[in-house]
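The structure appears below as structure tokens.
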Amino acid sequence: MSGAGPELRLPSSVVDKAVAEALAEDLGLGGDITTQATITAGTRASGVIAARKPGTIAGVQLAEAAFKTLDPFTQFEVVVRDGGRVDAGGVIARISGDARVLLTAERTALNFLGHLSGIATLTARYVAAVAGTKARIMDTRKTTPGLRALEKFAVRCGGGVNHRFGLFDAVLIKDNHIVAAGGIGPALERARAQSGHMVKVEIEVTNLDEIDEALRLDPDALLLDNMDVSLLLAAVKEVAGRVVTEASGGVSLDTVGAIAATGVDLISVGALTHSAPVLDIGLDFDPLS
Amino acid sequence: MSGAGPELRLPSSVVDKAVAEALAEDLGLGGDITTQATITAGTRASGVIAARKPGTIAGVQLAEAAFKTLDPFTQFEVVVRDGGRVDAGGVIARISGDARVLLTAERTALNFLGHLSGIATLTARYVAAVAGTKARIMDTRKTTPGLRALEKFAVRCGGGVNHRFGLFDAVLIKDNHIVAAGGIGPALERARAQSGHMVKVEIEVTNLDEIDEALRLDPDALLLDNMDVSLLLAAVKEVAGRVVTEASGGVSLDTVGAIAATGVDLISVGALTHSAPVLDIGLDFDPLS
Amino acid sequence: MSGAGPELRLPSSVVDKAVAEALAEDLGLGGDITTQATITAGTRASGVIAARKPGTIAGVQLAEAAFKTLDPFTQFEVVVRDGGRVDAGGVIARISGDARVLLTAERTALNFLGHLSGIATLTARYVAAVAGTKARIMDTRKTTPGLRALEKFAVRCGGGVNHRFGLFDAVLIKDNHIVAAGGIGPALERARAQSGHMVKVEIEVTNLDEIDEALRLDPDALLLDNMDVSLLLAAVKEVAGRVVTEASGGVSLDTVGAIAATGVDLISVGALTHSAPVLDIGLDFDPLS
Amino acid sequence: MSGAGPELRLPSSVVDKAVAEALAEDLGLGGDITTQATITAGTRASGVIAARKPGTIAGVQLAEAAFKTLDPFTQFEVVVRDGGRVDAGGVIARISGDARVLLTAERTALNFLGHLSGIATLTARYVAAVAGTKARIMDTRKTTPGLRALEKFAVRCGGGVNHRFGLFDAVLIKDNHIVAAGGIGPALERARAQSGHMVKVEIEVTNLDEIDEALRLDPDALLLDNMDVSLLLAAVKEVAGRVVTEASGGVSLDTVGAIAATGVDLISVGALTHSAPVLDIGLDFDPLS
Amino acid sequence: MSGAGPELRLPSSVVDKAVAEALAEDLGLGGDITTQATITAGTRASGVIAARKPGTIAGVQLAEAAFKTLDPFTQFEVVVRDGGRVDAGGVIARISGDARVLLTAERTALNFLGHLSGIATLTARYVAAVAGTKARIMDTRKTTPGLRALEKFAVRCGGGVNHRFGLFDAVLIKDNHIVAAGGIGPALERARAQSGHMVKVEIEVTNLDEIDEALRLDPDALLLDNMDVSLLLAAVKEVAGRVVTEASGGVSLDTVGAIAATGVDLISVGALTHSAPVLDIGLDFDPLS
Amino acid sequence: MSGAGPELRLPSSVVDKAVAEALAEDLGLGGDITTQATITAGTRASGVIAARKPGTIAGVQLAEAAFKTLDPFTQFEVVVRDGGRVDAGGVIARISGDARVLLTAERTALNFLGHLSGIATLTARYVAAVAGTKARIMDTRKTTPGLRALEKFAVRCGGGVNHRFGLFDAVLIKDNHIVAAGGIGPALERARAQSGHMVKVEIEVTNLDEIDEALRLDPDALLLDNMDVSLLLAAVKEVAGRVVTEASGGVSLDTVGAIAATGVDLISVGALTHSAPVLDIGLDFDPLS
């Protein structure tokens, strides 16, 4: 993210809840029995959180909260903010504080940071692959259960944009809805009639005839699902900028450039959130004095 | 899993809580506004949940719960149980019920099934790669925050075994604990003195001298961290079966076979839970009548 | 609601949570000590829930859930569904079951039903007052804290439509946002740039110049705030159907007809949810045998 | 409230929970997307919360908590405390802080303040209408589900008194309890026998004979339900101060004076909490610099 | 409890919450790993819950819920209901069902039953020790944190009565309140002025002068704290039945008879809930077939 | 605890949750109505928490949290830490702050402190009774539902050690598991095969033959259940230090010395947590100025 972009921040209530649950899962009711036994109370420690591989960072807020939930006096200096890039070995944050706290929260902090930075990094690769086109890379609802707000945030950190959050905040009419409603026309009419004026409506189309049928009812966007590149090209030409176009299906780092070149506005990629490998990030302690 | 193995079941309270949270995330307070608008109340539907790629299945309980939480009268026939394998196209379950319920719960069900089956499938690949050795494939605490119970279950479905659940149920003394405690000896002594008799103690060692030092204090297991194959071989020989040995670090599908051939008892693999791609699974509806 | 309209149903999770909290508030940890003392266990009772005044009903699902949460075997026959109208004395539901359960849940059931039917009834009066125009009556975010999903549902039961649910699901740029962003143009540009393609954007305007300025950036809707009728008329003429228009401010049953006659698409009325008096509804027990 | 009265404060746990739920409802998981897009991080703002109409204030604690939950460094200067009166235009509080926080929390703060001040203002009107009599104005259990603690507090702010909180903290024997128990006598005897010594018992009576029957068993209070003024007069004379008397039913601002003049101790008014219109209160921002 | 007494039942919501928390504490996220490993799925078992020592039973509802929460099809036949007495060896309930479920829930069920029956049994001993007097045995707020509703229920099962539930449902003015308020008179006046008409007021007195002073302001009850028997006798004579009298302090099974003989109405005993030893109750399985 | 021992601290999340629930139980939604009525806002108070009887202290953290949850500015000076001993009259802590807060939180603080110190004191008596032997005193799962983490902590404060926390963190094979699995051998084999390498396995044995059978499969510990002293002596001799031995059943302060003299490693005592009487601790206020 360049300095001109928007600040990328998660709401603190989302951060606090996610961190509390993750710590509870790791600490149970008995806490970190290894650290309690081996580290004398009052011992101080410091270190750096650093990336082992290059990537785009997401989740620094969560890492900070993991340590500060256990001890609000932990020092946590952010070196790279969410949305920033690091090289291999790049320092993301410097921490110091109670040695027990640092050791106990370490894994929780790194699990958030690695998972979300993995998503941001993969997103950034897709974004780079469409550079020079107008297409934007977008997520889907194929997220890890319970982590959608965090993962959609990580997509933004990687330079992507978000599709609807869930089933409740926008209408997306897919094939089965169309069949059940009796066609594209009735489906769009029912959706418009029952949705408030602040709700957008997108509909799935699979060929040019369906595009024409849909455009007569003025949807906000068309989902061009599983079209090959030549059909996408024809579809974009047919739409002629009247509504937003979204390509989905069969998108990979190998294919996304060609898809973007068709002129679609958005390319949605489930893999951003369901198949991104972790970004390898570690905590290197300074020698304990 | 062969028929002779243990039944693989998650506690129902774990399933119910995970599914309720995932549905809440997707439905918000307004529910599935697309389906409400386009599908007439009372419409029935049926279909199959099927794998697009071959793999090992985990999460069928969660998928079933996603539909039944919305409508307990949904029919859900399990074809492949957790721990079972499917070929590409293989049917995992057949469902029928209220069309609105099937469409609304579809993504939540598939998100669980795809994520956990991805973990089980990757685990099974590692297990296959060490076939013929005595080594078992094991997970770590590098899990997605909030999903540890589910992800460790998926590892078992894939034929792997579980390391400790969290910081509270076993002692694992790592490098920083050793430094802070003043050495391997004092660290082990303090851990033993303060742990109940039902708590196991494992300690990280990096060379043969440390192995000897540790073995004098009778730990339950040794973590052979980031040793190359020749050092692992020497370590296993040095231990001579006196305690359980765990290899970790630098494990991939390419290297795991050679690591297993050294004779270690356990190989822990963070990638099982932090970098497994989704197993592609979909819901194919029968034509709506 | 005529038979041709959509079915009006709240998600069961919303109903269950609201009812559980309301019962908890009334029962505390000790329960209904009057009924426990005076009604012998096993006594049966029956009765009708009836309106004392004419109105439009909302909340029958919640009333039913109040009784069934305490005893799932309570018989609850719905006579008038949510969205239906009753005359004074009209029966809404017939109930029978354990006498203790009926007496204990009575007030919780009636509190929901009276409050939400009050909102539906007031909404229906506004809807009737704009009959013959194209204007639709709409709610606001001026709802009772914690009850927004229920109150917005009640507005739909009364024939109204819903504005955005909260701050998260649509963009509504008001005067202070415009000032802070440096004008209508920059505000709209920033909102568009940072919002996903499924998010609608509405902006507040106060005169014809602002309308022109806003329309150049293609918002989804204009909020015509606190305009008098002659200005509204000019505004609607200026917009000429290019975007949705919403009138707000100074709306009462006396003024809403004239406002609707200006041709605006939507009239938002805070009073629907912040000042609707209860609809008087009671439970008349049959003589106890 | 004069300065001599008790301090009117809600428990902080009640305030915190209500505010957290209201903010969660308005912010969802994505937060205030309008403000995030249009207001630059770090912008400061200030303003006043002021009444548009005269009234009695309740809910200042909640308004303050709405802002401070999002940013504890928000300045919030209370000008009128709960229980105080304001004229039209009267300032209730002055606030300054992060502009995003003020705009995001504004509606939640005003929703609490308007709703509760509406109740306090209506209560104060009833209290004024019985001035010069010994009657006190009292609430009922006809409260908005989930808000009982707040609404009963608002009644106190308006100068009223509270009836029992719920079904668990006092015994109120009504007509159906009497029928089921076999009469006033058995009902009172059973209630006394099963209630602890710190639990008060009130019973509904409808005529003078029932008053005599009830008084023989020494209840703590009599509920004179739906009696006209002449019967109330006779009832009060019959009771002759031996127990507390409560009039209920048919109470309005038109009738409450005459009811109070009969000499009853308490007059319960459901409308205080189920039909009070909002007190119109707004937040006026100082010009943004 | 004789058959003529009231039915002793806890609200199901209280039971369900307590049992869910207790099971969660024992099962964690991994469940009963011993039973999963050693008992084949589908194995059936049966047995009896029986007392090893004579006593009074409380908590059968909770024991039943412990098993049925894990498997609603568990058969649970109640032989002795809450409030009933058993001899040594007496059967309390017969159970049958899934062997895994019975073994997993056993300890949770017995922990509730033993703890609450211990309280009921000790209460019954105190009740027996005052037989022939009018004094009733009463609990205090000295309960185990989190279990007050259950423990007060157990006191009723043992034939005792309950004092106020908490700080919120009745006024009990103790020495420090009196000092702070400026004496018995001001304290009682302030309490009366600020309490609703359904709230009872009790005040602590330590000598006959204070009794006279208090009685002039008509409290509902007097707490005769730490008086010796001769002073209690004088106090009861002084009160002469005008208000309820409660003796507290220095009460044991040795002294309670003499205290009761003074004619006090109530004797409160903290030991009922803070020092009752468990009643030894076990689950005897029938031979597994 | 001598100064050389480990620091005894509960995780703050465990403390905070327990205290919040206990305060909620005592305060309800209305708070401490006695204190609100009788103590003027702003009054200050101070005092000491002191033991009435000698004992070992546990729960000081919880007592402190009870006051500080209501007012973080309360001064709380710890005089005796958890695990320390007091004589009769010994001061445990000095407090000062808002008089209302001290009076309102007093009972919650003392309930925690009395209950847990009761357990610590009883544990310390058992520990003293086995002084000079190698036996350690250990708790069981016979804890008060919902309080296991606190009660097991109190056992440690008294010098005891903890058995497994729950069903999830270690395997303990008892008689019914053995029967169902088909004998000691198959039970141990199944447990080993299905448990991770960090899970310990203990098995119940009742005679010397069973000990021999069990030892062939290398369990981590043997539960010598309900053996008399002569059999225990023979069992310890038979085991000859190869595994940890635990004696249970029939343990009292009278018998524990002889049991310890047999040479067993551990003696588990259910009474520590299910039958410890409260340690009498009070709060003595300084005279209110």
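As written, the chains take the letters A, B, C, D, E and F, and residue 1 is the first residue of each chain.
In this section, contacts are C-beta pairs under 8 Å (C-beta built on N, C-alpha and C of every residue); 3 or more make two chains touch, one makes a residue touch a chain.
Small disclaimer: the values here were computed from a predicted structure and weren't measured.
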item	value
For chain D and chain E, chains touching each	A, B, C, F
Distance-maximising chain from chain E - centres being C-alpha averages	A
Proportion of interface numbers common to chain A and chain D (over half same, under half different)	different
Duplicate of the B-F contact set - from A-D, C-E or D-E, the pair where over half of the pairs recur	D-E
Centre-of-Cα separation between chain F and chain D, whole angstrom	45
Computed distance of Cα centres, chain F from chain C, in Å	53
Cα-centroid distance, chain C relative to chain D, in whole angstrom	23
Multi-partner residues of chain C (at least 2 other chains)	6, 25, 27-31, 36-37, 148-149, 165, 168-170, 172, 194, 199
Touch-based graph of the chains, sorted into line, ring, star, complete or other	complete
List of chain B residues in touch with chain D within their complex	25, 28-29
Residues on chain B engaged by chain A in the complex (per definition of touch)	18, 21-22, 25-40, 43, 45, 99, 103-104, 107-108, 110-112, 114-115, 118, 141-149, 165-174, 176-181, 187, 190-191, 193-195, 199, 270-271, 274-275, 277-278, 285, 287-288
Footprint of chain A on chain D - complex, ascending	20, 23-24, 27-31, 36-37, 41, 70
Partner chain B, residues of chain C touching it in the complex	6-7, 9, 11-14, 148-149, 165
In the complex, chain B residues that touch chain F	6, 138, 161-165, 168-170, 172, 194, 196-200, 202, 220-221, 244, 246, 265-266
